[in-house]
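Multiple structures follow.
In the two complexes below, chain A is the common chain; its partner is chain B in one and chain C in the other.
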Partner chain A sequence: MMRRDAVIIGAGPAGMSAAIAMAEAGLKPTVIDENAQTGGQIYRQRPSTRNHRAAPSHNGVVADRGADLRRRFDAVSDRIELLCNRQVWGIFESNRLAVTAPHRWQMIEAEHLLLAPGAYEYVPPFPGWTLPGVLTPGAAQIMTKTQAVLPGQRVLVAGTGPFLLVVAAALHEAGVNVLGVVEAVSRAELLRCGWRLFADLGLLREGGGYLRKLRRAGIPIYDGRIIVGASGDGEVSHVKFAACDRSWRPKKNRSQVIEVDTLCVGYGFVPRTELAQLAGCQLRWSNELGGWIPLIDAGQQTTVRGVWAAGDGAGVAGALVAQEEGTLAGLAMARQLGAIDDDCFEARRRPVVRRLARLRRFRAALDSLSRIRVGLDELCTDETIVCRCEELTQTEIDKGIDAGNNDLRSLKVATRLGMGPCQGRMCAPAMARHLAWRTGQAMDQSTPLQVRPPIVPLTLGDLAEPVSMDLPVQEQMLRETIA
Partner chain B sequence: MTINHSEITSSARRVLIHVDGKPIEAWEGQTVAAALWSAGRRQLRRTSRFEQPRGLFCGMGVCFDCLMQINGRPNVQACRIEVEDAMDVRTQQGPGTWGEAS
Partner chain C sequence: MKPSHDVIVVGGGVFGSAVAFELAKRSVRVLLIDQSLPGRATSASAGGLWPVGEVVGLGCGIIYHAAQRDGPYEVSVPDVLPQVFRDFLVESNRLFPSVAQELQDVSAVDVEYAPGGGLIFLMYTLQDQAIVDAVARTLPDKGILELLTPDEVFELEPSITRNVIGGARLAEEHQVNPMLLAEAFKRAAVAKGATLRHGTQVSRLQRCGDRIEGVLVDEEFLAAPMTVNAAGAWAASLAATAGIELPIEPVRGQVVLTETLPQVLGTCVSTVNCYLMQKSHGEVLIGSTTERVGFDVSVTEQAISTLCAGAAKAVPMLRDANIKRVWAGLRPGTPDELPILGPVEGIEGIVNAAGGFRTGIVASALVARVIAQHIIGEEPAFNIDPFLASRFVAQAA
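And now, the complex of A and B:
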């Protein structure tokens, strides 16, 4: 078995920043990521095998930030052990990580473990949401940015939050006919609460920049409106949206239908907590930070000693916050491992904490605007599929709840909710809210579905082939990976 | 129905894959899901219970809706696997079956 002082899972903004902080402190952290390259979702790079000339940057500021972080990472990369194309499928006692290698797997024991798994988009069910051609804004962005494929010709972008503007602008610049952005928060509400966004002028200006870009392109923003359904024969062809009130309940008599070939829809992000759950970390519910998140202290340590968490996976707050949290965690781990003393730790930590405080004030204002509201839970008809994997309808779930299954775990046993290959990642966040609203429980009383290894698909054949415990073989593999 | 970025694809190597027996051209480094989307194929599987078409949804390996039978192996995430020359890609029906790799 491989033993390492510090292992970071996730090479997005948080994981990269933590690795930089640790490497600069003289440690040699190991970074594991499921993708072929660093950057995570937000700073995702094009496949390196494709030897094309550089395409123009489609989202300037964000791409620049990614390039800057990568430069700092590359500068210390000789002190970072980077394991790409690897997925952690289990965490066992004393931080032993079961990690996939191509068609095999290996165990890595981590003395200190940082979880930086990131987040995925929140899409609660609505009629027609399973149709091909309905996808998340993030999926559309990946396709455009890294796959050289435009997601459609007539595309509507919908949901809530500033990410919609980023994606709409990127799609437009790539040549897509963006029909509009449907934003559930109304302009009036934005103006009423918007003064709090002045906590960070730079970020406010950045958001304004995207808005101006869309206005110049003649792309309408349908604010205070919500998607009520999608339809089509085999693929999405029509989308219906309606004006909504402050609870996001649609006004039936004020709806319109438009013809599309693609609908990008997302209502913010959900932290990925599978790894924290496998590691035994205590979770708490936070409406503002995207759902269940690991409970952490001021130094980003979870309730399990030696397990730390940072970035969107520890509470959705965006890439800038993730980078600061990653640095904080990296510094705290370096101090634990004796690489830096208390004075050095305090000196390096102070500016990070100051920046974080300002960023968090800005995020708090944004989060209060984008908070998920009850109208979103009332869009399904009886036949709408709410669990995409098991194809369970709203009626079936409600029958399960009304039969007395008033927590997710017993609802799962009663209905098969969340038993499919996504293990509830898609349905559980929306169904947890649905359960709470239907039964009148408070969200902080709810418990997430349990997570069991393997959390990524493995065949029995894969499992039968652990990598030899012989150290030279493992080192050979590492050399191949690092090369 | 979808357009390629000419500036990105002009210098990439082409790869030929077989989708339900039909040849489709893709670019090295593309995922199967993106290659199929580019060729106008957005239905990647049919579900077990209601036999409904499904396609790419999250695009990052979380939702498991883009499952296809690839080189004989069912339940492969088309959004995560990159195209290879002569890859055998098939629409997955229901839970999928193991088939012969071409």
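And now, the complex of A and C:
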């Protein structure tokens, strides 16, 4: 088995920043990522091999920040062991990682482990959400950015949060006819608490930039409106949205229908906590940070000694917060490994903590705007499929709840909710809300579904192979760096 | 004060739920207290109804015995459990078609009782053949165990590897969905008037002299003239709160489940490495380890890999199937592999329905019936003396 002092799972903003902090402290961290390149979702790079004829060369502030982070990462990359195209499918005894490699797998023992897996998009069930042609904004972004495939010709982008603007702008630049952006938060509400967004002028300006870009392109913003249903024969062809109140409850008489071939819908993000759960970390519920998150201390360490968490996977707060949290975790790990002393740790930590405090004020304002509201939980009809893998309707779930299954785990046993290949990643956040609503429980009393390995698709044949002992990188280079 | 319940059943696994149902059916006012701890055997079970297979060791037993002896499976011949237990399981198994129907009627839950082609033990080697021969000699009625040639195995199950020297088939062995079985018993019990307290921990049994007077839930005392210990792998801990010794300890079983597949297997298949059965939702379940590691419900990469290798050897086409999940459960293991049923010597007000080990699902139908009959003072349909807890005391003395 490979043994490593410090392993980082995830090469997005948090993981990259942690790796930089550790490398600069003289350590040799190992970074594992499922993608072919660093950057995660937000700083996703175009594949180097593909020739994009229509690709815009410049994608604004976000791309600039990604490029900047990558430059800093590359500057110390000789001290970073980067394992791309690999997925961690299980964690055993809190620090032994089962990692996929093409047609085999191997174990890596991580003495110090940072979890920086990022987040999923939150897509609550609504009538028609399972139709082909309904996808998440993030999926549309991957299609256009990485696979050079346009998700559709007539696309409506909907949900809540600034990410919708980023995706709408990117789709427009790639040549898609973006029919509009449906944002659940109303302009009036945005203006009312918008002053708090002035905590970070740069980010505010950035949001404004996207808005101007869309306006110039003639793309309407339907604010204070919510998607109530999608329909179509075999694929989505019509989307209905309606004006909604501050609880996001649609006003039935004020709806409109538009013709689309694609609907991109997402209501913010849910932290990916599978790895933390497999490592045995205690979770807590945070409405503002996207749901269940690992409980962490001031240095980003979880309740399991030797396991840290940073970035959206530790609470959704965006790429900038993720970078600072990653740096913080990297410094804490470097101190624990004895690479830097307490004074150096304090000196490097202080500016990070200051920046984080400011960013978090901005985020708090944003989060209070884009928090999930009850109207969204009420869109399903009795026949709406709520668990896609097992094709369970709202009625079937309600029968299970009414039979006394008042927590997700027993509801799973009773109804097969979350028993499919996604293990509840898709349905559990929405169903946890629904369960709480129907039983009158508080969300912070709910417990998430148990996570079982493998958390990534893996064939029985892959697993039947004995553990591979091969080192994944040049043995020579490692010997040098470790020595 | 008159207690509001006649019987409190502690444990909502398959035994507890089934007992609650049988009692409620007989108009007994029953309270079922369920905590649903991680690792509950009912939720981890494969759901095989293998009365003979398990008794002669051709189900999970062969793996268990190899683990007990700490040797390779190939040189291990499983022990055969007593005839009386086989009779008990065969009788319980016989009840399943009608129990499944009854549960469907009362609870509207389909327990997915699936009579299939039986259970086939695959023989890869002459040693496997020797195991089968040894087992066959213990069976008085020769018709039960049918020996198959490789061609007959192939005809019955085309997806099985052709690299076998034969098979041994037990035709009357079927399967059920164990989680739905417990859920159906529970809902049926409620439909018949039982009270269910879900997600509730019993902190201890309330003992006064030689009598159990009820249970404590947090600080609340719930009184009942009779308490049933159906706490599965935790039954010993519960009994210990009243100073009662029960030789039940958790035996971990790790299980691998594939994604939903088109029909691959119509029979349950067992080998010296693992057993396989395709559940009614199309997933193939591969079990199972037998490990004494206390209440640890984690899985290990080695066990997963070994089970997958065993499955790939038996059914090569499974190599390309995705794994959906892997988990572990805690069988309530007893020293002689038989359940612990009935009253406790010298103590009133308590009855055991525990120690289901690897046959809890198939035993549940009859266990529930005899426990309910015992509690209301009827002559049990099956003599439970061989399963009394006192058998261990007698041994020790």
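Here, the second predicted complex is superposed on the first by the 458 of 483 C-alpha atoms of A that agree within 3 Å, B and C clash if a C-alpha of one lies under 4 Å from a C-alpha of the other, contacts with A are read in each partner's own complex, and residues count from 1 in each chain.
Everything below uses one rule, namely that contacts are C-beta pairs under 8 Å (C-beta built on N, C-alpha and C of every residue); 3 or more make two chains touch, one makes a residue touch a chain.
Predicted model, so just to flag it, every value in this text is computed and none were measured.
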{"item": "Partner, of chain C and chain B, that touches more residues belonging to chain A", "value": "B"}
{"item": "Touched partner set for A:Gly138, first chain B, second chain C, both or neither", "value": "first"}
{"item": "Partner chain in contact with A:Pro421 - chain B first, chain C second, else both or neither", "value": "both"}
{"item": "Partner chain in contact with A:Leu463 - chain B first, chain C second, else both or neither", "value": "second"}
{"item": "Touched partner set for A:Glu288, first chain B, second chain C, both or neither", "value": "neither"}
{"item": "First, second, both or neither for A:Glu93, with chain B first and chain C second", "value": "second"}
{"item": "Which of chain B and chain C A:Asp407 touches, first, second, both or neither", "value": "second"}
{"item": "Contacts of A:Glu173 with chain B and chain C, given as first, second, both or neither", "value": "neither"}
{"item": "First (chain B), second (chain C), both or neither touched by A:Tyr120", "value": "first"}
{"item": "Chain C-contacting residues of chain A that also contact chain B", "value": "420-421, 457, 459"}
{"item": "Residues of chain B defined as touching chain A within the complex", "value": "1-5, 7-13, 27-31, 34-35, 37-38, 42-44, 47-50, 52-65, 67, 73, 75, 77, 79, 82"}
{"item": "Residues of chain A defined as touching chain B within the complex", "value": "34, 41, 46-53, 55-56, 120-121, 123, 130-136, 138-140, 142-143, 147-153, 174-175, 234-235, 261, 272, 385, 388-391, 420-422, 425-426, 457, 459"}
{"item": "Complex contacts: residues of chain C adjacent to chain A", "value": "36, 38, 43, 179, 183, 186-187, 190, 196, 198-199, 256, 258-259, 281, 298-301, 304-305, 308-309, 311-312, 318-327"}
{"item": "Chain A residues within the chain C interface of the complex", "value": "90, 92-93, 96, 98, 107, 403-407, 409-410, 413-414, 416, 420-421, 423, 450, 452-454, 457-461, 463-467"}
